[in-house]
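Got some structures for you, see below.
Both complexes shown next keep subunit A, but they swap its partner, so subunit B is in the first and subunit C is in the second.
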Partner chain A sequence: MVSLAGLGGPSLVAAVVFAIAALALATTGALRDRPAIAAGARRALISSFGFVALATLSLLTALGSHDFSLDYVARYSSRSLEGAYTFAALWGGMEGSLLFWTLLLTGFGSLAITRARSRDPRFGGWATAVLAGIATFFLVLLVGPATPFAELSPVPADGSGLNPLLQSPGMLIHPPLLYSGFVGFSIPFAFAMAGLLSGRLDDTWFTSTRRWTLFSWSALSIGIVLGGAWAYTELGWGGYWAWDPVENASFMPWLTATAFLHSVVIQEKRRMLKVWNVTLILLTYVLAVFGTFLTRSGILSSIHTFTEGPIGKWFLPFLALMLIGGLATIVARLDRLRSENRFDALVSRESAFLANNVLFVAAAFAVLWGTIYPIVAEVTSGVRLSVGPPFFNSVFVPIALAILLLTGIGPLISWRRMSRGAFTRVVRAPIGAGIVTVAGLAVFGVDSVGTLTAFGLCAFTAVAVIGEFVRGGRVYRMRGENWFDALVSTVSRNRRRYGGYVVHLGIVLIVIGLAGAAFKSERHALLERGGSMRIGDYTLTYEDRIQRETSEKQINVVDIGVSRGGEELTTLSPQRNFHFAQGQPQSEVAIRTTPAEDLYVVVTSIDPDGAAAIRAFVNPLTWWIWVGAGVMLGGIAILLSSPVPVAVTGRVRREVREPAVAVR
Partner chain B sequence: MRKLAGAFAALSIALMAPVAHAAPQDVANDISMHVMSPFCPGVTLHDCPTENAAELRERIVVMVEDGFTRGQIIEFIENEYGVATRATPDPGGAGIIVWLLPGIAALGGAAVAWHFARRWARVPARPEGYDPDAHITASDRRRLDAELRRFQGET
Partner chain C sequence: MPRSSPKRRAKFAVGGAIIFVTLVGLVAWATLRPGSTVFYMTASEVLAAGSFERDHRLNGTVIPGSIERDGLLTTFMVTDGEADVPVTTEAPLPDAFRDRSEVVALGTFDGDAFSAHQVLAKCPSKFKARA
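This part shows the complex of A and B:
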């Protein structure tokens, strides 16, 4: 009898057959405009999803039952691996993470095309074809060079286990969120391509995928922040972002997707920037797949080496096909993507959105260029160079500050046009707040121009955005509502607009937290038991060490007494552990967190005589990064709850423009 | 052009540099943030959690205390572990393009956007006899005026 674990390989073969069938049927149905064939394609893609789900279940069963006859299970799990991490090993290695990616892709794709089945069959057919084409690529990898079901002989008694750095709660949620974000963008990408291929170039592609776009952007945003939190609490270097190539890989599509979320509003409201919007969604998806290529090819040096494998070369032709094919399709439809309106004035919200788009894309380009330059340098000069955080901070931060300025200016400017007098009136308070903040900080001794600029812009933007809530609330106050009800009414009546403003407020808080890094301090010392060190106003005393062992690791808990001005504040207990299976030491960080600053303590080594090497950081304002992320999450929830706009076709627009004719 | 790139890089770094500190550990920390770790792929020496990296960071502190300059220490690490430890390409030579290209791309993008914005902002002349309010009825007009008066009165 075949076990569930044994069904994995055959399921993937069946999935690839159904994906190819979906691709062929969808293309035929779309070309011949035959709804019945397009429906068959849809069912084939759903079947492919079913078989991928079965393969995933099969791998999870093998992980759960410690079936080390599978090479993947032996490499990424062990008998001592704790609970949920056994199943998180699904995305702990290259093959499993590709299977998880394909599960999401076929699942999201099936859901999206089922919901869109009542639409034009040619449009639906092309959307299915694009999604099935992408699924086919990943499934071919899974049945070929990246199969998670390769068998191992002889079967080992135990597995190597998951990398200790991955045994963190972050592992349970950060990768799934990032993958959901990356994969989710395949839906708007497929629908945009379907719009171009079917010639249906009205609002259908972006209105019907608006929730997918928001969902994907939200998942990527939260995933990136959680990745930062994971690095902060797990890696022990006192930071949350290292401009590592794999971090950059998730950040680049986020930047272009953020540009898209803004520019698509102009298409919705003014029927402009149509070429730009399809290009942005194409770039976003290509960058998402490019990120997967970077992560898995090993072409760049990254600390995320656990997902590397030999499949990088497969991605290059796929990426080229998507990029060249996508751009060619856009060029072929250029004549039908012309803007239907014009800017009424240069000082308008449309212009602010355009400037915002230029900056986001420039930022994405700067990150891409810095990330791939080591490859370019090696190919052109034969010398392996590095491009590290100093470059990215120098190039990216000025662009980010300009984006922050526009985040404040954008809401103040009205659509179409605005008089200079009106603009001066609304911008007065935010500018005043910015100036007061800068002056206040300068009085307190802050002399870094970059830091002053960042805090000044945060104040400017916060006041500008809060001012929007106040202006909106006033309208409901006129009806006699109290301020709280007025604000609730303001937000609930226009959830999309005010949800966006809440996200902007979250971003301001995150920038405050990031800017606090300018005041960071760090000390390290080798302490004997009873010894002390000072950092900032704190005195850290090595009080005790407790050693114990589990089947998986030796645990060394170092108790550090924390006092300030003679007053005992707390005891922090960082750990320095040794994982037996990997033969690898690992530090567990201890943090005392407050809104003003984090005291961050890590043990980097313990000598045989018991002396502990302590590295301590004082990280001012870091708490606000996580609070800002929470506020962003609130804004995202408001955005996701907003009603989806109805697609406006050319016919409907003509009727709206000429109501008298339509009534008659 | 090279001077321009160098000035751009220096200005950018200066703008973003934290408040200067004098303690040897602070100088050493700053140096380790500008050197890629020979022990951890893709991260700076400062961020690398291995014991080898901790030893090298300690060695930098000692060098700072011994009076070595920042340039001498970075050169020492480069000689010891290879050119890939340099965290930013030299603005001189071919490295100039790394620094200039993002700026050129941003300016190019801004120029293209400006071109389109100006072109789109040229509103075509209205046809003779065009009345933008023609489709608003008299009762709508009265209601709008009343609401505006009420709103302005309140604010």
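This part shows the complex of A and C:
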């Protein structure tokens, strides 16, 4: 493969020039209301995308042809690296990730702007200006302090290789998904800002970017779950979520975006909460960029921190500008963002949505607080401290359980108001299911209040959501369809609503899996060959060790026989390998997974005499997390397949109310 | 724009205030709970403290050649360049742990040795093989 490394730097310079031109033209076009200038801005943004794509291509060919004259290639790849990972090194380091970010940003931006070109030129102009402004920031970083095209001399014979932990299939898609999610939010953000700046304050900004919002949220959701799955199968500490600052960085925008997805429904149906919605999308985007900043600045030490990058000081002013500029724009238009309706009653669908929003935003702020508290403490009092999982669990679990409760209750309550009798009728079955679950678990000796609450609420919410499908399907059943056809008809007629409920069911399953962690157990033991250890009901026996070598690493496969009650179940083969390029060992986990529990085995070290230190975990119900994620994915597919909403105009929709399914 | 009745608005205000105070209280309580925040110390600071039974994080560099293993028990010396503290642990050691790695050990100090129940070593992706 030919290396096009030489094209990279100049392409980026061209890209930044076009981005600045797009910014200037778009602003002028919008201010003077001149469609021709706005069209020029659009073309400039597309050209900028073209040059970023060329720069990306040039870095990819440099990686593919092992052109170690580029510092980036030498640092994040090596000759022995397997095919796909060579290209995954594009997001293996800071500079490459920023390039990838910018590629997505200019690409998504060009696409969204092109599709919106028939709109009011002032609106399109401002949207282009916001996107080009963000692109300019990232491109300035890429041509300056964070260029991926820095040259290296003398040229080394081989590169350092990609961190072995990152050489896993999950890593091929986890970073691109998270970045797509982060970057995708630039579109609704830019359109919201464009709506404010151009004074076009109807609801078109979010209806026309609804797909982008859903897509970004979905990408972020899947990305986060994959990150957890990666941590679980690669890192070997038996868990999937450590409240690491960078995990939090992806989680915070997810929380506010989830709030946004819900509250936007109120704006659509009831034309309320307009200020709140633009604020939420602003917060989501600022948190997404903040996430990139946290990951890339090295301000917090974390397993994800690639380098103590020189770019941290660039991000803070940019974030401040977006936040202050965004809020100022919202404040300037406050008078035109008035609600056209009001809250009628405390017990109403609107209130449930509002409470959901308050809780999601509170959760995001709690996570933010815990994430930046170490910095606050160090800056204000010079104390160096860390905030650990105990903080996050004790603040997040109660909020999450309250959200779970609302997930169950919300759909049962009708819009505007609801009679007590009607409410009682619909909550009877879910409450019954909750009580039976709690009582059943208590009989089996579960005595933790938190765990009982979690499982009780899971049962409550699951039954409540399933009840929605049953009630929805009843109409079709009465028309003589069988139950399956009725279900399909129900879901396909209102994909947004029922797709959402499927996502809720997935969340319930995930919570079941998370709650199972309360019963987790762990053992660490040193075994001679033939020796055994017990964990839970299992007996683990160190049967054999097989050693072999590849060009990259020395592999030690340790065979562990697993038996329960004298019955041989399986043989697990965790590995303890030594990577030559990095000069460090790495463990490969082995997991026996069942719906009831995972048996998770890691070799933490092998003595010269052959004795192996084995760390074993029994993780109950973890399987449900991945199943729940699968169900969520199904729900997401239904949501994304729903027809593109027609922009709500005027007051037509104002009096349209969803029939209160519950009160029939 | 239609206005809510004063009574209804009051209900929402009270509800909102209760939720807000509860949430702020929750975050404050969680922050101040023992175990939520753990202080970082250098080797010198650990020695100066004499001993402690609450978990702290000892941050420093592993002195080359100081790592000794005996079954699951590992002992090593951590230095900040001025003072050295012996660390003992039975916890699994991270893959990046070796001579000269920068480590963070979580545990207690009895005046002689730092007894760690968790050891983290500097992120492997930070590691540069060229060095």
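The rule we apply is simple: the second predicted complex is superposed on the first by the 645 of 664 C-alpha atoms of A that agree within 3 Å, B and C clash if a C-alpha of one lies under 4 Å from a C-alpha of the other, contacts with A are read in each partner's own complex, and residues count from 1 in each chain.
The definition used in the following text is that contacts are C-beta pairs under 8 Å (C-beta built on N, C-alpha and C of every residue); 3 or more make two chains touch, one makes a residue touch a chain.
Quick caveat, the model's predicted, so the values are computed rather than measured.
Visitor: Evaluate whether subunit B and subunit C can sit on subunit A together after superposition, giving fit or clash.
Guide: Pair status: clash.
Visitor: After lining up the shared chain so the two structures overlap, which partner does A:A362 touch, if you call subunit B first and subunit C second: first, second, both or neither?
Guide: both
Visitor: Applying the document's definition of touch, where does A:G388 land relative to subunit B and subunit C: first, second, both, or neither?
Guide: both
Visitor: Touch test for A:V601: subunit B only (first), subunit C only (second), both, or neither?
Guide: Once the two structures are laid over each other on A, A:V601 reaches no partner at all.
Visitor: Is A:R474 touching the first partner subunit B, the second partner subunit C, both, or neither of them?
Guide: first
Visitor: Tell me the contact category for A:R338 with respect to subunit B and subunit C: first, second, both or neither.
Guide: A:R338 contacts subunit C only, not subunit B.
Visitor: Looking at A:G161 after the superposition, I want to know if it touches subunit B, subunit C, both of them or none. Which is it: first, second, both, neither?
Guide: A:G161: touches subunit C, not subunit B.
Visitor: Thinking of the overlay built on chain A, is A:R75 touched by subunit B (first), by subunit C (second), by both, or by neither?
Guide: second
Visitor: Pick one for A:P398: touches subunit B only (first), subunit C only (second), both, or neither.
Guide: After superposing on A, A:P398 lies in contact with both subunit B and subunit C.
Visitor: When the two structures are overlaid on chain A, which partner does A:G583 contact: first (subunit B), second (subunit C), both, or neither?
Guide: second
Visitor: Do any residues of subunit A touch both subunit B and subunit C, and if so, which are they?
Guide: Touching subunit B in the first complex and subunit C in the second, residues 236-237, 301-305, 339, 342-346, 355, 358, 362, 365-366, 369-370, 373, 377, 383-388, 390-391, 394-395, 398-399, 524, 585, 587, 604-605, 613, 615 of subunit A appear in both lists.
Visitor: Give the list of subunit B residues in touch with subunit A in this complex.
Guide: 9, 12-19, 21, 25-26, 29, 33-34, 36, 40-44, 46-49, 51, 54, 57-58, 82-89, 94-95, 98-99, 101-103, 105-106, 109-110, 113, 116-118, 120-124, 135, 150-151, 154-155
Visitor: How about subunit C: which of its residues touch subunit A in the complex?
Guide: Within the complex, subunit C touches subunit A at residues 1-4, 8, 11-12, 15-16, 19, 23, 26-27, 29-31, 33, 35-40, 57, 59, 69, 71-72, 90-93, 95-96, 98, 123-130.
Visitor: Across the complex, what residues on subunit A touch subunit B?
Guide: Touch list, subunit A to subunit B: 235-237, 239, 242, 244-246, 272, 300-305, 339, 342-346, 351, 354-355, 357-359, 361-362, 365-366, 369-370, 373, 377, 380-381, 383-391, 393-395, 397-399, 446-451, 453, 474-475, 477-478, 517-524, 585, 587, 604-605, 613, 615, 659-660.
Visitor: So in the complex, the part of subunit A that touches subunit C is made up of which residues?
Guide: Interface residues on subunit A, with respect to subunit C: 74-75, 92, 156, 160-161, 163-166, 236-237, 301-307, 338-346, 355, 358, 362, 365-366, 369-370, 373, 377, 383-388, 390-392, 394-395, 398-399, 524-526, 581-587, 602, 604-605, 607, 611, 613, 615.
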